[in-house]
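What follows is chain A paired twice: with chain B in the first complex and chain C in the second.
Moving on, here comes the complex of A and B:
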C-alpha cells in the first residue's frame, strides 16, 4: 500500500537504471535526510549527540570505506583501524604544523595520506588472495600502531604519547577541541558523510564500481575481459583508505577529542568490519544500518537494567554487553548472512506486492 | 656508515662474542615458537576439515586455561579438573557445531570467519563473568609439572633452561606426533582429511559432517588446553593471553593454511627469528617492542614470493 508502484511506468532503459526506480524510495530518503538535518538536531540531547548521532555517522563512514574494498572489490582487510589512525595522525600533524589551515580542508586532505599508505599495503593483494591477504593487512595494523607509539614526531614529542585536539575554528565558530559544541560537530560530520556517500554511490554504480565488482566475482575472468587487475585493486585500496582516513580524522577531531595509539588497535578494525558485514557487504545503505545496530546496541543495553530498576555492576554490564554483541553477530549472520541491507530489500519487495503474497 | 655498521656488522659481532647469550635467545624463541605452532595447529585442523578460518582458537586457549584454574580454585583436585575441562571443551565443540556452524553450512568463507569472531566475543564476555578478569596463577605444581631450571655452561657461558619450558616442548612434540598418527593412520583421521578435500564428495560416501566437525573442534580444544597450560605457567592466565592468537596468524601465512608441517616449522621459525630480531636489531635500532609486527612483515615478504605460504597447497584456478 505504502509502496504501491502502480502508475510508475518506465519508458527508457535510463529510467530503468535510475538511482530511485520507485518514487517512494526517494521519498523515504527525503524523510531520513530531513530527520538527520533538521529533526534530530532540534530534539537530540547532548548525550544523544555524543553517544549516538555523531559516532554512528563516523563509524558508518569508516564502514563505507571498508565496504568499498571488501564488499565491492572483494579484498578482505583487517587493518581498517590503523588506516583510520593514519588519517587522524596526518590531520593532527597538518593542524599543528600549519595552524592557519582550515580544519575541514585538513580533514579532507588527511585522507590522502591514508590513501597513500593504503596503496602501499595494498600492493601484496596483487599476489595474495583471500585469508592470506586478510592476515597480510594485519601486518599494516600492527606495524602502523607500533609506529604511532614509537615515532615521537607524530605526536609532537609530548610526554603522554597521545594526541590532543586543539581548539579549531572556521570563521570564529569552534568546530573541534574542548570549546566546540556537539551540534556544530554533528553538522560538520553529517555534511562530510553526505558528500562522501553521494560520491561513493556514484563511484560504485559507475565504470570503476563495475570493474571492482568484476574483480571481486572472479579476478581471472575479469582479467580476461580486459580489466587491469592492478589498477582495479589499487584504486579500490586508495579510495577505500581515503574514506577510512577521513573517518579516522573525524573520529578523533569531531568526536573523541584525544587519541592514544592503542585506540586504533585491532578491536576498532573488527568493530568496523562487523558494521560492514552485519550491514551487508556490497551495499551502501547497509553501512548505516550496521552502524546504528553496533553503536546503538551497547547504549541501549546500558540503559535497560536501570530502566527495569535492577542494579547491575558496571563491570558485569560491560561483559554482558560483549557477550550479547557476540551472540547477536552470530544471530544476524544466521538469519541473514547478506546483512541488514538484504533484510531491508526483502521487506521492500514484500511491501511492493502487499497484500498479495507473490 | 655508522648505521650500516649497526645493521650488518655489530649484531653478528655480538652473536659471536657471546654465544651463550645467543643460545639463550634462541631457546626462548624456540619455546614461544612451539606455542605459536600449537595454536596454529588448532587453526590448521579446523581449516582443513571445514574451510573455516577459526578466529576463536586464541580465545579457546584462554578459556580452557581459565576453566582449569577456576575449577581447581573451587576445590576440585588438579587432574579431575583437567578431565572436567576437557568435558567443557567437548561441550563447547558440540554447542558451536549445533548452534553456529550447522545453520551456516555452505555460506561464504567470510561469513563463517565473522561467526567465529562472534564466538570469540561471546567467550570473552562469558569467561569474564564466570571467572573474573584478574590474572590467575596456573596450577603448575598441582599438575605435577616440574619447576626449577637446568643450568648449562656452553662455551664457558651460562644457559638457563626452565623445566616448565622443557616439559612444554616435549609435550607439544608428543601431541603433534599423536595428531599426525591420528590423521594419517585412523579411519576418523582419513574422514577429516576427506572432508577438507571436498565436502560433497565426503558426504556422498557417508562421512558425517556433524561428527567430524565436533571432533575437530574438540581436538582444537585439547590443543588449546595444552597451550593454555604451557603459556599460563609462564605468564599467568588472563584474557591478555589472547594476543598470542595474533601471533599464530603470521605462522599460518608463512606455513600455509592447510599444512600441519607448515604450522610447526613456521611457528618455530617465527618464534626464533622474532626474538633474534628484537634482541639484536629491533631493540637497539628501532626502540624495541618489534615483536608485535615482525612476524607479520616477515610472513608478508615470504608471501610475495610464495603466495600460498611455504607449505600450502598451490591453488590452481580455472575460469
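Moving on, here comes the complex of A and C:
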C-alpha cells in the first residue's frame, strides 16, 4: 500500500528516465535528506557527530568511489586506503604551500591527484583481470604507504612523521583544525557527499555507466559492439579514484584532524571494500547502508549496555561487539549475497505488489 | 563464380547493391594450426550471405576476422571499396559492423533496455560533464536514443520484458535481445553467429522471420553462420561453404546444394 505504483503513467521517455520514476522513492529520499540536513544536526550530540554522522558519510563516499570501480566497472581494487591517502596528503601539501587557498577548493582539487595516481595504477587492468588485478592494486597500496612514510617532503619534515591539520577558515568560519566545530564540518561533508553522489548517480545510469557495466559483465562482447575497453577502464579508475581521494581528504581534514601513514594501510582498504560488498556492489544506496552497518553499528552496540543500565567491562564489550557485527555481516550476506541494497530492492518489489502478490 | 553479378533486384523485390565487404585470400593460423586457408569471397550490400560447413571448419574464425577480433597472417579485408588497415574490434564496430555471438554474450547484470541502449553507444557523444549533470546534450541523447531503441524493441516484440534483468530471461528471448542490441547500433553489416542454435522449431521460425524482416525493412546486409540447412537454404541469397579452413563452395543455395564437393564434405546424401 505504501508503494502503490498503479496510476503513475509515463507519457514521455524523459519522464520514464527521470531520477525517480516512482513517486514514493522521491518521497523517501526527501525524508532522508530532511533528516540529514535538518533533524540530525539539530538533535545530535558532539559524540554523535564525531562517531556516527561524519564518519558514516565519509566512509560511504569512499565506498561509493570504490563501487564505481569494482561494482560498476568490475575492476577489483585493494588499494582504496592508499588512494585516500593520496587525497589527504595532496590536500595537506596544497594547504601548507598555499595557505590562502579555500579549504573546500583544496579538498575538491586533491581528488585530481588521486585520480592521476589511480589511472597510473589502473594501467595494468588493460592486461590483467580479477584477482590478479587485485594483487596489482595491492602493490599500489604498499608502495604508496611506504612513500607517505619515506618522502619527508609530504609531511613537511615533521619530526613525528604525521600530518597535522591546521586551523582553516572560510570567511572567518573555521572548517578544519582544532577550532572547527563538528556541526560545520558535518555540513561541509554532507554537502560534498550529496553533490558527488548526485553526479555519480547520473554517471552510472547514463552512457558511461552502461559502458562500465558492459565492461564488467562481458568484456569481449563489449569490445565487439564498439566499446574502447582501455578508455572505459581508465575513466572508471580516474573517477573512482577522484571520489576516493576526496573522501580521503575529508577523512583527515574534516574528521581525524591528523594522520600517520599507517592510517591508510590495508585495514582501511578492507574496511571500505567490506562496506561496498555488504552494501551491494553495483549500487549507490548500498554504500550508505553498508557504512551505517560497519561504522554505525559498533557505536550503537557500545552504548546499548550503559543505556540499559547494565555494567559490562569494556574489554568484554569490545569483543562482544566484534562478534555481533561479524555475525550480522554473515547473516545479511546469507539472506542476500548481493548486499543490503538488493535486500532493500526485494522489500520494495514486495511492497509494490502487496497485498496481492499476483 | 559469380564475381560479375551486377547490382540487381531479387525476385522478392529486395535491392542487392555493390560489394560491401570483400575477403581477399585470407589465411589465419594459430601456431601450427591453419584455421582459414586462402579464402576469398565477397558480401554484397543488402544480401543475406550464409557461411556453412562442418564443426571446426573455421566459420566462427572467419566471423572473428571480419569483426577484427582475429588478424589474419595473410590476405586483406576490403570494406566499402578500400583495404581495411589492422584495427581493434571496437573500431570495426564503429565502422558499422555489428554482431551477435554463438554463446549468448549479453550483459547479464543489466536490464533488456540497458543492454539494447548499450548497443547505441556508438551514437552517443555527450561529454562526461554533461552526463554527470544529466543536462543538455546528455539528456537529449538519452531521450533520442531511447526512442530509437524502443523502435527496435517494438520490432522484435520484446516490449513486455524491457525492464527485466537479462539474467532472468529464457534462452530464446536472450537470443532475441542480443539481436536487438546488435540492431540498435544500426549496422551496415550484421554478423550472426548461429542465431538459431539450440532453438525449437517455433523459435527458429520466429528468428527466421526477424532476420528476413531486418534485411527487408532496414536494408541491413547480413552474414550468418547456421547449421540448420533448411533455414540456411531458405533465408540466404548466397552461401559460402567451408571445410577444414578451405572454401569448397560459393553460390546460390541451389548451386551449393547440387555441388558434389559440398555434398561429400557436409550435406551428405539422403538415405534411400
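In the analysis below, the second predicted complex is superposed on the first by the 344 of 358 C-alpha atoms of A that agree within 3 Å, B and C clash if a C-alpha of one lies under 4 Å from a C-alpha of the other, contacts with A are read in each partner's own complex, and residues count from 1 in each chain.
Criterion: contacts are C-beta pairs under 8 Å (C-beta built on N, C-alpha and C of every residue); 3 or more make two chains touch, one makes a residue touch a chain.
Model, not experiment: these values are computed from the prediction.
The superposition on chain A brings chain B alongside chain C with room for both.
Residue contacts after overlaying the shared chain place A:45 against neither chain B nor chain C. Between the C-alpha centres of chain B and chain C, as viewed from that of chain A, the superposed structures give an angle of 80°, to the nearest 10. Of the two partner chains placed by the overlay, only chain B lies in contact with A:329; chain C stays clear of it.
Of the two partner chains, chain C is the only one that A:203 touches; chain B does not reach it.
In the overlay built on the shared chain, the residue A:226 is in contact with chain C alone; chain B does not reach it.
Of the two partner chains placed around the shared chain by superposition, chain B is the only one that A:273 touches, whereas chain C remains out of contact. Of the two partner chains placed by superposition, A:303 touches none, neither chain B nor chain C.
By the touch criterion defined above, A:282 reaches chain C but does not reach chain B.
Once the two complexes are overlaid on the shared chain, A:218 sits against chain B and chain C alike. In the superposition on chain A, contact of A:181 is made with neither chain B nor chain C. Of all C-alpha pairs spanning chain B and chain C in the superposed arrangement, the closest lie 6 Å apart.
For the contact definition in use here, the residues of chain A common to its chain B contact set and its chain C contact set are 218, 220-221, 224. Those residues of chain A lying in contact with chain B across their complex are 70, 76, 124, 127-132, 134-136, 138-139, 142-143, 145-146, 149-150, 218, 220-221, 224, 266, 270, 273-274, 277, 281, 315-316, 319-330, 333-334, 337. Residues 67, 69, 88-90, 93-94, 98-99, 101, 105-110, 114, 117-119, 121-122, 124, 126, 128, 131-134, 138-139, 141-143, 146-147, 150, 181-182, 185 of chain C are the ones that touch chain A when the two sit in their complex. Residues 12-14, 16-17, 19, 199, 202-203, 206-208, 210-211, 213-214, 216-218, 220-229, 235, 239, 282 of chain A are the ones that touch chain C when the two sit in their complex.
Put simply, chain B touches chain A in their complex at residues 53, 99-100, 103-104, 107-111, 113-115, 117-126, 128-129, 133, 246, 249-250, 252-253, 257, 286-287, 289-290, 292-293, 296-297, 299-300, 303-304, 307-309, 315, 317, 319.
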